[in-house]
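Common to both upcoming complexes is chain A, partnered first by chain B, then by chain C.
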Partner chain A sequence: MASPVIPLLEVRDLSVHFRTEGQKVTAVDRISFDLAEGEVLGIVGESGSGKSTVALALMQLIATPPGSIDAERLSFKGKDLMSMSDREMRAVRGNEISMIFQEPMSSLNPVFTIGNQLVETICEHEPLTKRQAFAKAVDLLRLVGIPDPEARVTDYPHHLSGGMRQRVMIAMALACAPKLLLADEPTTALDVTIQAQVLELLQHLQGELDMAVVLITHDLGVVAEYTHRVVVMYAGRIVEEAPVADLFAAPQHPYTELLLKSMPPLDEDLHRLLAIPGSVPSPTEMPTGCRFAPRCPYAQNICRETEPAMIRESPARAAACWRLVDYKVPA
Partner chain B sequence: MIAFILRRLFAVIPVLLLVTLASFLLMRLIPGDPAMLIADISASDAEIEKIREQLGLNEPFLTQLLHWYGNLLRGDLGESYLLGRSVTQAIWERLPTTLSLTLLSFVLSTTIAVTLGVIAAVKANTWLDQFVMSFALIGVALPNFWMGLMLIILFSVHLGWLPSGGYVPLSEDFWGWLRTCTLPAISLALLQIGLLSRITRATMLEVLQQDYIRTARAKGLSKSKVVGKHALKNVLVPVITILGISFSLLISGSLVIETVFSLPGVGKLLGSAILRRDYPVIQGGLIFVAVSMIFINLLVDILYAWVDPRVRY
Partner chain C sequence: MERHPFSTPIGWRGLFRIISERFLKLRNSRVARRALRNSLLLTGIGLFTFVVLLGIFADFLAITPYDEVQMRHRFEPPSAAFPFGTDNFGRDIFSRVVYGARISLQIGLSVVVLSGISGVIFGTLAGYFPRLDNVIMRVMDALLAFPEIILAIAIAATLGPSTANAIIALAVVYTPRTARVVRASVLVIRQMDYVTAAICAGATDMRILRRHVFPNTMAPLVVQLTFIFAYAVIAEAVLSFLGIGAVPPTPTWGNIIAEGRNYIREATWISLFPGLAIGITVLGLNLLGDGLRDVLDPRMKVRHG
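After this line comes the complex of A and B, so read on.
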């Protein structure tokens, strides 16, 4: 696996804070990762671990206030997203970086037609006439597998099912052939059978358009099937990063290990994570040491006192756990 | 859509019947004999009996009712006791004035209120928001006749910019019409601006939190498009439902404001009819007000269905 000279996306020490009622909450805490062109990266983690916040920060769509973004480096194609003006950032959004959201039922504007919302995106970034953009909108709907696109293009969102709406969202996100697609739990809200269809579609289009994809999910089954590399998040931190095969073969972080153990058998429909004992710490009461220590079956004293750093075993593999340090430097 | 409008029109019929029936009954419930009211104090019993005969008061109740509906269908609301002309004619003559006043202040209040509400929401919790909302609060807190008097003192008495009363028909002179209508329309609009801008602000704040707004921003749209297109149309949906009530308030407000600015409108007609117990005019005025409110609400329903595609028709 040859890593490219310049990664498509470089994230270094990205933090996102929210200030609510005088309290400062750190939703994402000094995370770093790279993404190559055409690569599919999974981000997994329990609810509240900060996955959506990462995606929104990449889009520069965190509301400020109450939010604030800090980053050592946040560059896309070598350009720093943090220092872009509002106008420059708007030229990136929906054009070079697109996002699909968790909630297909509410993510489309109810009072405009599907066609109107698609045409608007196309015309924002491409020098096409309304008529050309409309023809392209119909093509896009066909591309995402919506039957009878000429008729559907004049429909309003409430005419469509959740799965169809998510297809429209995908069509909208792909309208300007982005280099990077952020898919935030694109199928969580859909029926199981529809989930697979939508993910197959995404995979197909990813190959076709050679996009990089950040696929955010709760679901390790999805990770195994559709991603190349995985980042595991816990309470705003990245705790492990690995190529997909390695992660499933030999998880290094106890949290990943428990996640894998809690995965339901493949023949069951229930793809959601079974519970790991205990719960994610509230962002206002973060433990001092390793954030997973209170739930970790291997926790030692050091785990509760000092936060472990990311130990990088190879360019693509790293985890933040004191056990790795112990293995490397036996006491 | 056509079928929807027709269905709504049919639904209006029973309401109209009820309203007209109520106003008919109202006339029967008034204490005293209408014939006595019309007749001179010195009139003899025979003369009063003759008037009673003329008014059809000696007919059986049902005959009177049918007669009343028959006249109504021909647009005949009876004769004024005092004006020496038919009620329909009296209202018809004064209608342009009232329409000018209410429509002008409707347009003024709606555009100003929506603009203010949107600005306040977009700039929520800044000094601008607070300034705009305090202004709106003044509009709600002060009665409109008082505002009218204050405006007269400022703009007519002290500055002499605008007339303090009177009316120039639109057909005669547009600028004259605008000059005579501006102050009354503003005093009438202030309350509406206060109410509507607060509702617009609250709705806009809610809409701006919606997922589809985030989607619109994620597409790379400018803030003006996100607010002016995606948010605004969603804000208008609930605001439109209030416009019906708002217009009803304008009509009842115009009754007072026409008197303050001595505008020869339906409100002034009704006001003096009440003072002088000109019952046919009162009755006609009530029917006029009720019917216009019914049709305005019908219009609002149609507008609502047109703006919000989720409404089934």
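After this line comes the complex of A and C, so read on.
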């Protein structure tokens, strides 16, 4: 429930630009959202919609140059991340905000044992001896459900399967009990059965450690199952924001509606999957007006001319579509 | 079920296995297993070890002192007393070649260490900090643009003939090679998720370089340094052949060949044996380098035959 306390994470008009060969490309365009403590927010969108860039921007991991981050407000626990020095930012990373990645195969350093890598992360943030840190590493591996952690702790990454490595990554990210975990497509590279296990684990740990999670995915099934609230992104913009049940019951933006329709139904035979015609516009050639207009079945003239603003129906629900506006076509 | 390693005939492979498992703790290591199957690598290790042993035990092997002049025994062909013959001063070529191995290996190793260190420093800076990349790599390109031997001769001649100056000259010449190899792998490693993950965990640049970048550049670096060792042995021979390396009477393979040059028709053995020594050393190092590359990075494996 929305309460007047300061949200854990507050994002206002965050934009990320990249400059390549003299061209300025906007990957993320003026997006805003809040995240409460202990909340799981899903960010959904197609490839290239800017969802991963949002996560990197929150961590201040966008390389500048060629990138640049603008935001009216980007605050974590009321502290402004934009104005932090490198040193202050390092203290936030890992301690308060952690991140896990899509590719568990390349997320671990191949030349050290997983115990060694865990100990390093732990020692960086806590004044523990090697022996204590090692014991904690074993505990963390047990926490993320790795069988026989005492033996696995001396394994090298190539000894482990993808799902196991992702568990190790989660253990590493949780080493210092962060308040916010950014999970950038954590299960995309895994088998379906392992995906479910890893997501169950994340959900369990989220509840146990009471941390907020930003779950970035393109899988609506994952969103439905594991998130509280959803932000739908399209071409660098947020097009809809809603509590998860409302989103699936009554999507307000045509893009969300079509995304939901393109999920294969379990209970009927379908000969062809529904697909949204066209593809995400290239960031160098954004259409004027609504960015979804070229692919939208409801598009009208105004959609192609003027970009719609976010129409907020309730504190938790908003969408950017002209159909929500009771507008009069100018005569 | 411990069996004494020498209680049964074990052969070379068995010996290598015992060394790698017992002493280098490489049991169950994929790298060790691949190494034992790679006969070129084993040949390279064997040849190079042989030369290294010659250098180490030069004092015992060279019965006649390398600088003892015996005028009664000038230009003697290889015999039981002088296995490689004698030169125009009646000095024992075998002793000189064996001591030459020591000098060559010392110079080669020093060049490898120095160019390795400076290559790692410059390559890492260039690869990790994009701002420094252009500046450093253009200087390296400028050094690479000179033919290596000519540049080495120029530097060594400017500094004056001595062993130390030859080492400095060769280290300068081979730094760009290591720097390029290191930079290339740093550029790849920098993009790896485990580096991003380390930043996410709050690691400093120094820590990332030390823990994540440097250890992962080791494999290609070691391979490159093996080849540089071989080049340095040849280049050192060239420098001392031209009289700008180690100063006589210190025997080096280069200056023994140079001294034998005038008598090459009548006393071929003077130049032949140091030449063979260079050949064996370089062959061993090249096989070693190729084998290491195959073992450490199977994706780059070159198909032989």
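We take it that the second predicted complex is superposed on the first by the 314 of 331 C-alpha atoms of A that agree within 3 Å, B and C clash if a C-alpha of one lies under 4 Å from a C-alpha of the other, contacts with A are read in each partner's own complex, and residues count from 1 in each chain.
Methods note: a residue touches a chain if its C-beta (ideal position, glycine included) is under 8 Å from a C-beta of that chain, and two chains touch if they have at least 3 such contacts.
Since the structure is predicted, the reported quantities are computational estimates derived from the model, not experimental observations.
A.B. asks: With everything superposed onto chain A, say whether chain B and chain C fit together or clash.
C.D. replies: When both complexes are placed onto chain A, chain B and chain C end up clashing with one another.
A.B. asks: In the superposed arrangement, does A:Tyr234 touch chain B (first), chain C (second), both or neither?
C.D. replies: Neither partner.
A.B. asks: Who does A:Tyr255 touch here: chain B (first), chain C (second), both, or neither?
C.D. replies: Neither partner.
A.B. asks: Using the superposition on chain A described above, determine whether A:Pro110 touches chain B (first), chain C (second), both, or neither.
C.D. replies: In the superposition, A:Pro110 touches chain B and chain C alike.
A.B. asks: Does the superposition put A:Phe18 against chain B (first), chain C (second), both, or neither?
C.D. replies: A:Phe18 sits against neither chain B nor chain C.
A.B. asks: Can you list the residues of chain A that touch chain B in one structure and chain C in the other?
C.D. replies: 59, 61, 90-95, 98-99, 101, 103, 106-112, 120-121, 124-125, 169, 172
A.B. asks: Per the contact definition, I'd like the list of chain C residues that touch chain A in the complex.
C.D. replies: Residues 192-194, 196-204, 207, 211-212, 215-216, 218.
A.B. asks: Would you tell me which residues of chain A are touching chain C in their complex?
C.D. replies: 59, 61, 90-95, 97-101, 103, 106-112, 120-121, 124-125, 169, 172-173, 175
A.B. asks: Residue numbers of chain B touching chain A in their complex, please.
C.D. replies: Against chain A, chain B makes touches at 210-212, 214-222, 225, 230, 233-234, 237, 307-310.
A.B. asks: If we count contacts the way the header does, which residues on chain A are in touch with chain B in the complex?
C.D. replies: Going through chain A, the ones touching chain B are 59, 61, 90-95, 98-99, 101, 103, 106-113, 120-121, 124-125, 156, 158, 169, 172.
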